[in-house]
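Each of the next two complexes has chain A plus one other chain: chain B in the first, chain C in the second.
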Partner chain A sequence: MSKGFLLIAQNNGSNDYVKQAVYCANRIKQFCPSASVSIITNSVRYLTDNFQQDIFEHVIDGINLPKIVNNRIMFDGALSNKTVQWNNVGRDLAYELTPYEETILLDTDYIFCNNLLEKCFNSVDDILMYKKSEYLGSTGTEEFDRCADTSIDFYWATIIYFKKTQKAKVFFNLVKHIRENWIYYNNLYQINSPNFRNDYAFSIAVHTMNSMSQGNYVGELPGKMYYIKDQDFLEKINDQILTFLVGKKDHLGEYTILTTQDLNVHVLNKSSLERHIE
Partner chain B sequence: MDEKLSKALEFANYTRTFEDQRRLLKERYFDSLVFFNSGGQFTVSKELISFVNLLLEKETASVLLDDNDNPVMIDNLQLFYDNIINLYFQSSNEYHTKLHELKTKRSIEKLVEYE
Partner chain C sequence: MNKGIVLLAQNNDTDNYVEQSIALAMSAKKFNDISFTLITNDKVPAKYTKYFDNIQPISWGDMAEDKAWKIENRWKVFHQSPYKETIVMDTDMLILKNIDYMWDFYSNYDLFFTTNPVTYRNEPIISDYYRKMFTENNLPNIYSALYYFKRTEFTHNFFSYLEMVIKHFDQFQQDLCPNKKQDKLSLDVAIAMTIKLMGIENQVTNKNNTVSKFVHMKSFIQNWKSSRAVWQNLVSSHFTNNLDLYIGNYKQTNIFHYTEKDFLKNANVIEQLETHNV
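Our next item is the complex of A and B:
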């Protein structure tokens, strides 16, 4: 049965997701040497002209993916931000586009420092996602416990393990339906997000498939989703040791330094990540 | 700024960084305790070790519930036990060593090993 990692890189004017994807694929290969990695991108020409493409087993043209461009304020540290165009649509099509029987779909801004995720292949579950998360700063992670104060449990769409099964197909089709009717679901679940967000759509799908309750339709990935916010900085990458500056609570523009070792980390400050992967 | 206050703030920064690093060491420890067998995902704990040890008194194979409540058939319970107890010792010893090292570091730079 074919198994592999799948990255989706849809470049916008502000961030180079293709560059992030190449870096991410190299990290995957470093920690999981036998792993296969593929990419779906709307910038195939840019990828082939500028980067080593042999890192990817399959390069899938995503030029026909739906295009709904959201405007989003993206921070680069606490004191700098800009409004960027952000095309995050199409993640629900990963089920149809993946070349693998077992896939780990992940964001390009996820830094691999161990091989924990690779061990999920052959799982007895059809779908695995992260529900538990840990902000590397010590100010708590309440904001990602639920989609909103009065809403449902939050699941991260950053990493999704799935098999080519009927159960997973139904799940991804449901996410697609939610995306196509986002205004309705946004109001129904009292999320009040002006933009479509994959985490919310997948969380709604999990809730729906659990008969509008909590349940085990989707299993949990091992460990936790570790992350820094876009108000924090990635300071240094030294193999599997990562150094970060995380914002001090109630002290805007002041930071605490910390390091992680052997922990995979989701870096929400994409500009900070790109500065380290030149 | 008053010298005493300045030193107090410096120490506060040190203790904050120390607590962060200690917390992250613990997270690394928990990550390292995940064991995969027969498609199941098991977080090794004292309870799991004791339970499997108890099962071994009567069984050579058994069904165990994994972290996601999936029933997983473990054909070779003895091998499973050996693997989880090895993982537990290895991870716990490493956690102990790393935490001991951390406690000997007296500056923020050394705590985060920042050059």
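Our next item is the complex of A and C:
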């Protein structure tokens, strides 16, 4: 049965997701040497012209993926931000587009420092996601407990393990339906997000498939989702040792240095990430 | 009679507890073949008497005649229950599941009080917002909204003590609640003091219990970060065509303690149940 990692890179003029994907793929290969990695991108030409493409087993043209561009304020540290265009639509199509029987779909801004995720392959569950998360900085992580204060549990769409099964197919189709009717679901679940967000759509799908209650339709990925915010900085990458500057609570623009070792980290400050992967 | 649910309803100037009792009995009949006894001095509309196997007046006079918050008669349920095994409930509740398994659980006890209700999201209630009396006086954290008793000497003793505590509530508070006092008679506090007085907490509660529980909808204990006094202003509520109740898009499959009396009218509960020939 084929198994592999799948990255989606849709460049938007502000961030170079292809570059991030190439870096991410190399990190996957470093810590999971036998892993297969594939990419879906709307910038195939850019990839082939500028990067070592043989890191990818399959390069899948995503030029026909839905194009709904959201505007989003993206920070680069606490004191700098800009409004960027953000095309995050189409993640629900990963089920149809993946070349694998077992897939780990993941964001390009996820820095591999261990092989923990590889252990998901051969899971008894058809779908695995992260529900537990931990912010590496000084403030709490409660912002990602729920989609909104009175709403449902939050699941991260950053990493999704799935098998090619009827159960997963139904799940991804439901996410697609939620995306296509986002205004309705956004209001129904009191999320009040101006933009479509994959985490919310997948969370609603999980809640729905759990018969509108708590449940175990989706299993949990191993460990936790560790992350830094876009108000923080990635300071240094030294193999599996990562150094961050995380914002001090109630002291805007002041940071605390933090080091992790052997820990996979989701870096929400994409600009900061790109500066380190030149 | 072997088993049944007893409700004690006394209307006051603002709230119709008989109407609540009718809704409770109707909701239960959808899932259960269960006997109900209603103890009330108020009139029950003829078309709704069919939901009760017994309707009887309050014995030994109305001790709450001049009270707006009518608690003084609640100890009488033990003496008036026609059943060998009785569940007593507050009237502002709905039964949204089959509760046969709860009887099996209760059969291990002479008397059992719930100590761990849940939120509408089926999570443990963490806050003691409404329970400072219990925390500060180290009282057993029991809820009288749902409890069970068998007709035994032990329970007879308990209700005799409870009668005494209710009749002399202020005096017992002086001794048993040195750190914080309740302005008006509270059944929860009276029962908690009785349990403490008799030293029987471990006999009548079980902190690991997951069977005898209910959804407690008081607003400030829903694990929301920002709350308001009225939960109906924060989350949606609706019945589906199958009479499934959804609160904030969570399907309610438990015993539901709505606490806000106007919920019955706002959600058209009795009309919905009647429409479906319950």
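By our rule, the second predicted complex is superposed on the first by the 278 of 278 C-alpha atoms of A that agree within 3 Å, B and C clash if a C-alpha of one lies under 4 Å from a C-alpha of the other, contacts with A are read in each partner's own complex, and residues count from 1 in each chain.
Methods note: a contact is a pair of C-beta atoms (placed from the backbone, for glycine too) under 8 Å apart; a residue touches a chain by one contact, two chains touch by 3 or more.
Just so you know, these numbers come straight off a predicted model, no measurement behind them.
Superposition of the two structures on chain A shows chain C fitting alongside chain B with no clash.
Contact with neither chain B nor chain C is seen for A:81 once the two complexes are overlaid on the shared chain.
Once the two complexes are laid over each other on the shared chain, residue contacts for A:52 go to neither chain B nor chain C. When both complexes are overlaid on chain A, the residue A:190 reaches chain C alone and has no touch with chain B.
In the overlay built on the shared chain, the residue A:261 is in contact with chain B alone; chain C does not reach it.
Contacts of A:152 after superposition: chain C is touched, whereas chain B is not reached.
When the two complexes are overlaid on their common chain A, residue A:2 makes contact with neither chain B nor chain C.
Of the two partner chains placed around the shared chain by superposition, chain C is the only one that A:212 touches, whereas chain B remains out of contact. Between the C-alpha centres of chain B and chain C, as viewed from that of chain A after superposition on chain A, lies an angle of 70 degrees, to the nearest 10. More chain A residues lie in contact with B than with the other chain of the pair chain B and chain C.
Within the superposed three-chain model, A:71 lies out of touch with both chain B and chain C [touch as defined at top].
The gap separating chain B from chain C at its narrowest, counted between C-alpha atoms of the superposed chains, is 17 angstrom.
The touching residues of chain C, counted against chain A in their complex, run 121-123, 222, 224-226, 234-236, 246, 248-251, 253.
Of all the residues in chain A, the ones that touch chain C in their complex are 142, 149-153, 188-190, 207, 211-214.
Chain B contributes residues 13, 16-17, 19-21, 23-24, 27-28, 30-32, 34, 36, 38-41, 43, 66-70, 72, 108, 112-114 to its touches with chain A in the complex. Those residues of chain A that touch chain B in the shared complex are 114, 116, 119-120, 122-125, 128, 134, 136-138, 216, 219-220, 222-224, 226, 236, 241, 243, 256-263.
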